[in-house]
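Letters A, B, C, D, E and F mark the chains in the order given here, with residues in each chain numbered from 1 onward.
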Amino acid sequence: MEAVFDLAAGLVKQFQKPTLGFLIAGMVIAALGSRLTIPDAVYKFIVFMLLLRIGLAGGMEIREANLGDMILPAAIAVAVGLGIVLLGRYTLALLPGVRKEDGIATAGLFGAVSGSTLAAGMGLLEAEGIFYEGWVPALYPFMDIPALVLAIVLAKVYLSKQDGQSNGKVDVWGIIKESLQGSALSALLLGLALGLFTRPEAVFESFYDPLFKGLLSVLMLIMGMEAYARLNELRKVAHWYAVYGVVAPLVHGLIAFGLGTIAHFTMGFSPGGVILLAVMAGSSSDISGPPTLRAAIPSANPSTYVGSSTGVGTPVAIAIGIPLYLALASVVFGI
Amino acid sequence: MTQPATKVVIVTEEVILNGVIKIIEDIGVRGYTVLSARGKGSHNVRSGGQPSVTAAFTNIKIEAIVSDRAKAEQIADTIASKYFANYAGIVYLSQIEVLRGEKFKPGFSGGGA
Amino acid sequence: MTQPATKVVIVTEEVILNGVIKIIEDIGVRGYTVLSARGKGSHNVRSGGQPSVTAAFTNIKIEAIVSDRAKAEQIADTIASKYFANYAGIVYLSQIEVLRGEKFKPGFSGGGA
Amino acid sequence: MEAVFDLAAGLVKQFQKPTLGFLIAGMVIAALGSRLTIPDAVYKFIVFMLLLRIGLAGGMEIREANLGDMILPAAIAVAVGLGIVLLGRYTLALLPGVRKEDGIATAGLFGAVSGSTLAAGMGLLEAEGIFYEGWVPALYPFMDIPALVLAIVLAKVYLSKQDGQSNGKVDVWGIIKESLQGSALSALLLGLALGLFTRPEAVFESFYDPLFKGLLSVLMLIMGMEAYARLNELRKVAHWYAVYGVVAPLVHGLIAFGLGTIAHFTMGFSPGGVILLAVMAGSSSDISGPPTLRAAIPSANPSTYVGSSTGVGTPVAIAIGIPLYLALASVVFGI
Amino acid sequence: MTQPATKVVIVTEEVILNGVIKIIEDIGVRGYTVLSARGKGSHNVRSGGQPSVTAAFTNIKIEAIVSDRAKAEQIADTIASKYFANYAGIVYLSQIEVLRGEKFKPGFSGGGA
Amino acid sequence: MEAVFDLAAGLVKQFQKPTLGFLIAGMVIAALGSRLTIPDAVYKFIVFMLLLRIGLAGGMEIREANLGDMILPAAIAVAVGLGIVLLGRYTLALLPGVRKEDGIATAGLFGAVSGSTLAAGMGLLEAEGIFYEGWVPALYPFMDIPALVLAIVLAKVYLSKQDGQSNGKVDVWGIIKESLQGSALSALLLGLALGLFTRPEAVFESFYDPLFKGLLSVLMLIMGMEAYARLNELRKVAHWYAVYGVVAPLVHGLIAFGLGTIAHFTMGFSPGGVILLAVMAGSSSDISGPPTLRAAIPSANPSTYVGSSTGVGTPVAIAIGIPLYLALASVVFGI
């Protein structure tokens, strides 16, 4: 009972955090018809800075880290990415009014990872002073790529069966390459490489890290405005997408939280790391995912997956998911 | 001085730009011009220049000038049949008159500096 | 394969974009394409893309394709008479040939994905 | 006599301030034909950052403030906004060669407030270490909106009389809504709400506030370049606009300075607050005002109001007005 | 209602924009519209909007509407012969119909607000 | 022998510097086909900030400096700028397969100065804690303008001889004006003037200087990506351009290093200053140079000079040249 109360109190407290405040404010001003816009060039640059910063920190950390410690969390990341897509394939994609390829694409997007949501999670952890292994955010691709690849494979197999073609051959390596070349993963891996092979400590401390929190607040504002705009699109498709958009992030986050907790008790994986795994799982890809899916599953209607992800899934993942995992962690790990 | 030519215009999603260019070049046309656009059609409103997590769905307008009318139609047909079942887009032809007509004959690749 | 249609082109101040779109849609045309432009005419030089405290006065180019010539003229006339006494702008028509002509008939709203 | 000397010395000293230096430098390099440009996306983002920062500071301050203290300054702001428009209506708009609707629109723009000029004023106060109540900049809309609304109403009444129509009905609430939805007031109110309802102190101190002065210098440069460009436009219209552009900012600023001084002696309103009221009054709207007027009074020629405001009024308001109020305050309040 | 006119379209390198505009104005045409473009032709691929240390080589598309066909041809010829030996570029003409035709007669410079 | 070893060790150490790391990483991700791009508006703004910062520092420094100390280094800058062009005119431009006007334009670009390369040099000096007279970077125009002017004059003289025209009259003052009005020199001179005539110390320390290193890293990334893209263009022209792109920056840098060393031993010019002179000489203009040459020598093929400069010369100048001069300085000056 007390645990439930703690959880609720924790949730409320998070809502005063500026990160969430900016997100919600973005939705509100968009709903009120504000003509405020943040230039696209600024949005692209902020995303680049955040992902580069995540990569740099990860790379510098991995130099010092015990690679053995990373194996179980990385395996969990892969398993969660694949699991989310399979779960969606056999729930959402089977619902009435949901076209199979739309459902599969949506599950793929929710299995993949949003760098912005991850950055929000890191920001909140840092504001709380909760420790995490610096390399955890660098597990991003381990969850992201398998999810996108599996979704595209499942969709192609389904579609080629529909066409009566027996060969549902899919160019898996092509999809992986396509993912890695996308702007989000490129920036992350670029940072990772620079963190590993050069000594960027000074520029990291004086530039990338201090700008991180500030730019994150602007990004949250943009994502709030965008969420409101995409909600509109969602209205034209089956209601199940809205339901999925609300439920899936939390279910996915909790699954990852559970698996991460096992790693905590068996291997000493940090509570902060557990939270970040849950944040990644609960997030849905917003930068590289949509164009990858648009190109790879052309017959899937982008309004379904972009609407459910950007319009509903992302605000839920950030505004409800992250505070939930923080509150849960304070109950489970006593932090 | 001028010679008749056909301008093929395609307005579609940025995500298929490379595919459209490939069709144009495969049919033997060496030049094209691309402009950023936004617009609305039978699909959703699309944005352009706005901050958008789906900026990849921005519209573009591609123009290819071809001296040979049949090739122009072939480009238009190929693009429409390959893409427009799944992607938002329109394609149209317009009669124009070009100077230095030899530039728009397939295979030309000379040029000044 | 192709069908004749009319392209109405308007170049004007960005500040009246919504009004122009409303006229196009009220006359029953569902699609249009918008491009950013700068230019000069009988009014002052206008900028575009430049830092400007009056960026709202940037030009835009709006194109609407209509299968019905009369409707095209109606759009052009309505915009010119409503706006061009007070706002900078030009409007012209161009004959084109569209593929998939049914898309440009008023009222069409189907489409693929 | 000594007071006059102090005033002159104060003025000279201000000219070495980088804020004014950047403004003047912008005009000079534009006049010399430099091809330097600052990208539009950067300009928009700087304006957004400055207004958000003003709003955030205001909101955090209001949480702690005594609301009673704000009533008189807010009332002065409204009165000055309305007064400036009426003054312009019965001076500028009656001059020979000035079309009435052009004159009224111009008066509206000078009654409204420029966020950039306000930011310049704040920057100079902070450089001087002069205290002001943190909520003063948040009075912006109290002066801005009444001025724009009144100008539009006056113009519509005049134009409908011209047309012989008797009903000069004006959608006042529509104009207010339009103003609030504009990008400048949206950013300010967004910051205000976030300052009031969340705890943005950390991100404010580490990001918004330190970037403030730097970005302000870039903004001053842009405004200088823009001023030179707009001067050109002014050449084509009646000379009275140039005269108004020089005289009006100072007259308006001094009126507000006078009223603010009353609030100082009756209610203890700070000298810094008095200066900021004068800065707002002396400024003319550069971001939201012009498009609002262009849409609401289509027959008014934008070259008149943009030329007199951006081309003349703003440089005068910043380069002469602000140093003048600072010097005056040192004489009147002994700071 | 409408009157025939000729649209001269030039796609070329941004670096000669001012020269092209000067030719248009010298021939007595007072208006033009400029759009940012990227494209490929017989010269190299050119970019636009991309970060580039050679952004000055970005393409632009310039359109000038002229009521007098001869003047249109004169603009096209002058630009082509002055620039296209050294700079990348194409020029073409297109027949259109303008509203308010007097605006496109050389020398017109009136206008509303 | 030991000296050679020191030189090699110094070189290796520099490669771990993030400045070089970002440059190389940019080339690598471009080669791997990454779709990451930095918006053009951001690139333009970074360049503006870096050049303004260089100018500001120079201007503040000149206020205090002994103008007599600047004469010899400035004269060296002019001599090196002119010498590089003459050298190129009588080597590169005489090679088989190289059109004279292409060769001259290329030599002009290599004689001119790259603000980005200069900034990289300053960044590395500051990271090493090596002192230089703050006004040295402000010598930029003394090398840049003479080089561009001489190249354009030589090309025009050559072309008018070709045409059989005897009058090879060139508007030298027009070219100088054109250069000064370009965005790069405008920003530098703007900063210089503001540094000289206003008191920008506060905004310099809180904004321009701290952002310097961070933005420099982003700029290096962009330049690496750009270099890879331009290499392609180079493939279509004579191989001599690639050879020149590799050899010229180092030869030019070493010449300037030598002349600078004389100034060191005769006038006490600082070792850091010598290094920066070498960096400027080794650099080739990337912002203002190409459009100036494109407009002034239209018949020169831009693929030759942009390809050899941006594609080869700049990476060589930064990644090999700067470490080389640093290593050399540690041997020669014992720093």
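Worth a mention:
FYI, a contact is a pair of C-beta atoms (placed from the backbone, for glycine too) under 8 Å apart; a residue touches a chain by one contact, two chains touch by 3 or more.
None of these values were measured; they are calculated from a predicted model.
Set against the C-alpha centre of chain A, every other chain centre is closer than that of E. By the residue-number overlap criterion, the interface of chain C with chain E counts as different, with under half of its numbers used by both chains. Greatest Cα centroid separation from chain D: this falls to B. Once the centre of each chain is set as its mean CA position, chain B and chain C turn out to be 20 Å apart. Work out the mean CA point of chain A and of chain D, and you get 42 Å between them.
Centre to centre, using the average C-alpha position, chain A and chain E are separated by 47 Å.
Across the assembly, chain A contributes residues 37-42, 44, 211, 298-299, 302 that each touch 2 or more other chains. The set of chain C residues touching two or more other chains comprises 35-36, 49, 85-87, 94-95, 113. Residues 37-40, 42-44, 222-223, 225-226, 229-230, 233, 236, 286-287, 290-291, 294-295, 298-299, 302-303, 306, 310 of chain A touch chain B in their complex. Within the complex formed with chain B, the residues of chain E that make contact are 9, 11, 35-43, 48-49, 59, 61, 73, 76-77, 80, 84-88, 90-95. Chain D contributes residues 39-41, 44-45, 48, 177, 181-183, 186-187, 190, 193-194, 197-200, 202-203, 206-208, 211 to its touches with chain A in the complex. Chain C contributes residues 1-2, 5, 7, 21, 30-36, 65, 94-100, 103, 108-113 to its touches with chain B in the complex. Chain B contributes residues 13, 15-16, 44, 49-57, 83, 85-87 to its touches with chain A in the complex.
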